[in-house]
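Please go over the structures that come below.
First chain A sits with chain B, and in the next complex the same chain sits with chain C.
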Partner chain A sequence: MAKTYHRPTLLDHVRTRYFATRLDTAMSVLFGAITLWILWSLLNWAVLDAVFSAADKELCGHDAGACWSVIDARWRLILFGLYPFEEQWRSAIACAAIVLVTALSCVPWFWNARRLPVLWLTGFAVFYVLMAGGYFGLKEIPPQSWGGLSLTIFVFAAVAIIGMPLSIVFALLRRSELPWIARTMGLVIDTIRSLPLLSIMFTFAIVLPFVLPGWLIGDKLYRVIVGYALFFACYQAEIIRGGIQALPAGQEEAAKALGMSYWHRISYIVLPQAFRNALPPTINQFVITFKETSLVVIIGFFDVMASGNAAFGTAEWSFAHIEVYSFVALIFFVFVFALSRYGAYLERRLAVASR
Partner chain B sequence: MPATDTAVRIADMDKYYGSFHALKNINLDIRKGEKIVVCGPSGSGKSTLIRCINKLEDYHAGSINVLGTELDDNLDHIDEIRRETGMVFQHFNLFPHMTILENCTLAPILVRKQKREEAEAVAMEYLHKVKIPEQADKFPGQLSGGQQQRVAIARALCMKPEIMLFDEPTSALDPEMISEVLDVMVSLAEDGMTMVCVTHEMGFARQVADRVIFMADGEIVEQGTPEQFFDNPQNERTRTFLSQVLGH
Partner chain C sequence: MTALLRSKSVRDAGLQAGFTGGLFIMIVVFVLTAQTNLEAQGLTSGFGFLERATGWEINFSLIDYSTSSPYWRAILVGVLNSMFVGAIGLTVATVLGVTAGVMRTSGNGMAELLGTAFVEIFRNVPLLLQLFFWYALLIGLPKPKQAPFVWDSIALTGRGIFVPGLNVSGGSVFLAFLFLLAAFGLSLWLGAARRFSRMGKARKKTLRRSLWLGAIILGILSMWLGRLPDTPLVNMPYLKGLNYREGIRISPELLACIIAISIYGAAYIAEIIRAGFNAIPGGQSEAGHALGLTRWQIFSRIRLPLAIRVVLPTMINQYVWLFKATTIGIAIGFADFFMVVSTSINQSGQTLELIGILMGGYLLINYTMAWVLNRVNDAIKLKGTQLRI
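Right, the complex of A and B next:
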């Protein structure tokens, strides 16, 4: 009798994967039940038994559900920190501008050494003018009063904008044909990478003002950002250098043989390919950088984490820390998840282009 | 000053890799329009020699003059010479992140300052010449080895060089693709291009070369017309080498 091939159905798949032996069946049933139970409890807590509006605060605690009233009542504090209440629309638009710029960077039309920097600098300028004010009749608001999510986004975007070009310069210097330049750069990079980020932030925020001339000191926030950007650049420089080293030597030779100058070779042949090679670790670096912005709390800034703490800091809401932390975690998750999905998309796209 | 019909003049040239003496007292004049085939056993310095002509490798003594320009440490001289010499590599070295057309137009636009339309027209002309105009919008990774090498030749030609250097252009190719690349090189020779080819394709050498140069241990051991070289080799090492590559 001739055997005919059946395409396995979903049912076949489930049977062979999860119910092949008696032990498999027992395990599948047990862990399936536990998973269902956890999901059900979560759903109960977060949605079914939860209280959502601030007005219903009295209902909190009667059922075992979450008390989202605290978010309803305090979301402005979490998102905008101590930014003056009646000016918070500016903070909201500013954040939206950065999110928009991030979204636009996903459009291939912008992927070019001129358009991408222009896009980011424009977005950042809009963000800054809105946040700081002092122009166009906007009330001036110093960085000390910035806070919440908008501060986190500000620190992240500023670090990326300063750190990225810096990292390219570092990587190129470290590959310099002059040994003393290459070695000095290597020493600087390795030194900074061996220091904890926290100590670098402290140094820039607290120690530097004693050493720098007055006109160079600037606001504490900017010093922290510069320190963070330096730290970012050292890690990112090594990532880019790895991407460059993965290129076959023939690429630069072919460009040389065509008469292309150093800068043309770097900007048209070496860096575009190095970035492709280095894309996964670069996205990873951005994710880490976004999460670690929370460290600015320690220097006395009021990022989204700190304003979350403040949100349940009053006696009235002190019971609701789980809800607040869940909310803050959700914010981080949305950003980080979007970033890593975008990275995966880029990788797929570039793989098609170079196949 | 070399005569005006001299394309390349190499005089008393030495090259070291560290303490290893890779090229020993090389003297070589190449006339404009001349086709030279360089052969010799592996490690004899053939690649090193032609890579010195466009300064992909430094040399340490003697002099090299290309089209009247002295090849020294002056960056302008190096740029000038690289603009006028095209090179084709064993492993093609196409830019994988650019389409075939972009591979061909990049250097003319950046280095020769051509307009994009003009550069594209020239590129299509040369892609026709190497018989793959229909591949212009593909990426190198989508082409066969033979096609990639033909693109590499077209890319070099788009710079309108006076001299073409080939470093074993067919030795990374599957046998059935070798002839399509050699055909392009033959037609280039017929157009009067000055060519220096490192190759073990002895049929090509017989058909096209004006002069065959045999190298061993960093020295030019013997040179002559293909007839002299193949039918009446003088040096013992040449005879040994020929019996190996020709298989008798």
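Right, the complex of A and C next:
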């Protein structure tokens, strides 16, 4: 009698995934218990025993639960920093604009050497005009009083916009056929890559005024952004170089044989394919860049970390640091998790496409 | 003239000269401006200040340091602190990361869930925020008087964790550690280097055992010789007045740095390990099954060694990157290399020299680390150019 194919049921699935052997059963029970315990304590702390509104502040500390009152009372400070209270809607719209631009860049229609820069420059211009004001009857607010999430997003967007073209230049210079240019660029990239980001920011913020002629110094914030962009460009250049090196040599040779000039070869043959190869690590690099933007707090800027620290800085809320950190962590988590999931999805899709 | 411009070699030479010359001119301008600026402030450049006394405290130091110690000693303290945190952080991160990575590829649904949750939570939140979080948690522990005293030997207080220590000098502990490290390195070398490939397995085993035994005996000997006179071997912390005395105090700053680096690093390492395991063709473990190997044997003898070979190049980058991340210690006031240098800049004003030392130091440490790990990689990677796993 021929055995017929038995379509696995849910029960079979559970059996093979959780109770395949005695060891598996033991692991499932142990890890299941740990997971349940963590979930239960979290639920208790964050929801069941927690106090939510700022009005009920006196209730905090009776139970072991979280005191979300601090977020209720201080969320504007955390998100917008010291930005003038009546103008905070501008900050909110500006942040939303950059988030929208980031989301739109994930749409393949924009993956094009013209559309993507236009999209980002437009988004950045909208952000800057809204935040800085001075036009269309908006009150002028200098970058010194920006803060919170909008400062974090500003630094991130500026670094991306300056760093991305710079990284292409760096990658091309490093791959140059002229040995001196390639070697010098290689030395610069490798040196900057082996230094900590913090030391580069610090150098640009504190040391650069010493060595630059007066007219070049500029604001501390912009110097830090340029330093960060340089650091970003060195990492991104290596990613692009990896993408270029993954191309079969025949591609460029064929273009040469057709008599295409260097710029045509680079912009129509090499870079589009290199970017396709380099897309997953590029997104990963953006994720890391966004997270490490938080380092500007050490150089003395009032970004979302600093405003978080300020939110429980007063005696009234000094006990509530865990709640504030959880809130700030959640903000970062939403952005970073979404972006990294997208990167993973893209990686799977590209892997399928190239099979 | 136009003929000259049309010649490719002349054009190339011109481009290269322009590029390197431009960079050179930039550096010259920097140096000249720096000189005029420094003269205007009345500062003398040079490294003479390294011999001057610092006059400020460092809250954590592995070697003797006081306010009258010179600047070079303060910087040395910083370098050692960075390497200390880096060494412990990277080791713990590797252990945790491999555990989480193995859990995620184990095939057991529950283990995968837990591993995935760990990775996703700690990878998607900035390291700095995690550092602040752990620091706040450690500072928030109860005051010494109310603090729990576990097994009458470990006190968890807001001023630090107090654990029992040994009454031996720091130098001898370091020496013992070096012996163990040497034994570890030598036994790795014994296993991987081509020079010993003809040696019999049994002989290698006895040689390795005697290496470890020798290192342990030498280590114990050096600790014994380094004993502080007239004290018991183990010194227990005890509550006196408002704080604990004796024992070893692990400061909240140090512990927060170690915890943050370990957990953040572990989340990244777990992903690398998972990718490494996934890169091994399924046929390898199926072949193991067919030969009748147990699950543990397949894991430890087939999948793990293959995975290590796949992941090592990525891991090297990760280690260098994690070591660079230890600089965030300054955010909570842990006196690492970066913090010591930045304090020195504030105190002495020798900005350029100190930044030079900082960058040179990190370059040296990172290049050394990458070099050593690359040698290990060269030793275990497959020879030849064909793509194999």
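By our rule, the second predicted complex is superposed on the first by the 335 of 355 C-alpha atoms of A that agree within 3 Å, B and C clash if a C-alpha of one lies under 4 Å from a C-alpha of the other, contacts with A are read in each partner's own complex, and residues count from 1 in each chain.
The definition used in the following text is that contacts are C-beta pairs under 8 Å (C-beta built on N, C-alpha and C of every residue); 3 or more make two chains touch, one makes a residue touch a chain.
What you see is a predicted model, and the numbers here were worked out from it, not measured in a lab.
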When chain B and chain C are modelled together on chain A, clash or fit: fit
Chain B versus chain C as contact partner of A:259, first or second or both or neither: first
Which of chain B and chain C A:184 touches, first, second, both or neither: second
Touched partner set for A:196, first chain B, second chain C, both or neither: second
Touching partner for A:336 - first (chain B), second (chain C), both, neither: second
Touch count on chain A, higher of chain B and chain C: C
Touched partner set for A:272, first chain B, second chain C, both or neither: first
First (chain B), second (chain C), both or neither touched by A:250: first
Lowest C-alpha to C-alpha distance for chain C against chain B (Å): 7
Chain A to chain C touching residues, read off their complex: 14, 17-18, 20-21, 23-24, 27-28, 31-32, 34-35, 173, 178-181, 184, 191, 194-199, 202-203, 206-207, 210-213, 287, 291-292, 294-295, 297-298, 305, 309, 321-322, 325, 328-329, 332-333, 336-337, 340
List of chain B residues in touch with chain A within their complex: 54, 56, 79, 82-83, 85-87, 89, 91, 93-97, 106-107, 110-111, 139, 141-142, 152, 155-156, 159, 165
Complex interface listing, chain C residues touching chain A: 12, 15-16, 19-20, 23, 29-31, 33-34, 37-38, 103, 106-111, 113-114, 117, 120-121, 123-130, 132-133, 136-137, 140, 295, 320, 324-325, 327-328, 330-331, 338, 342, 345, 351-352, 355, 358-359, 362-363, 366-367, 370
Residues of chain A touching chain B in the complex: 248, 250-251, 253-261, 264, 268-269, 272-273, 276, 353-355
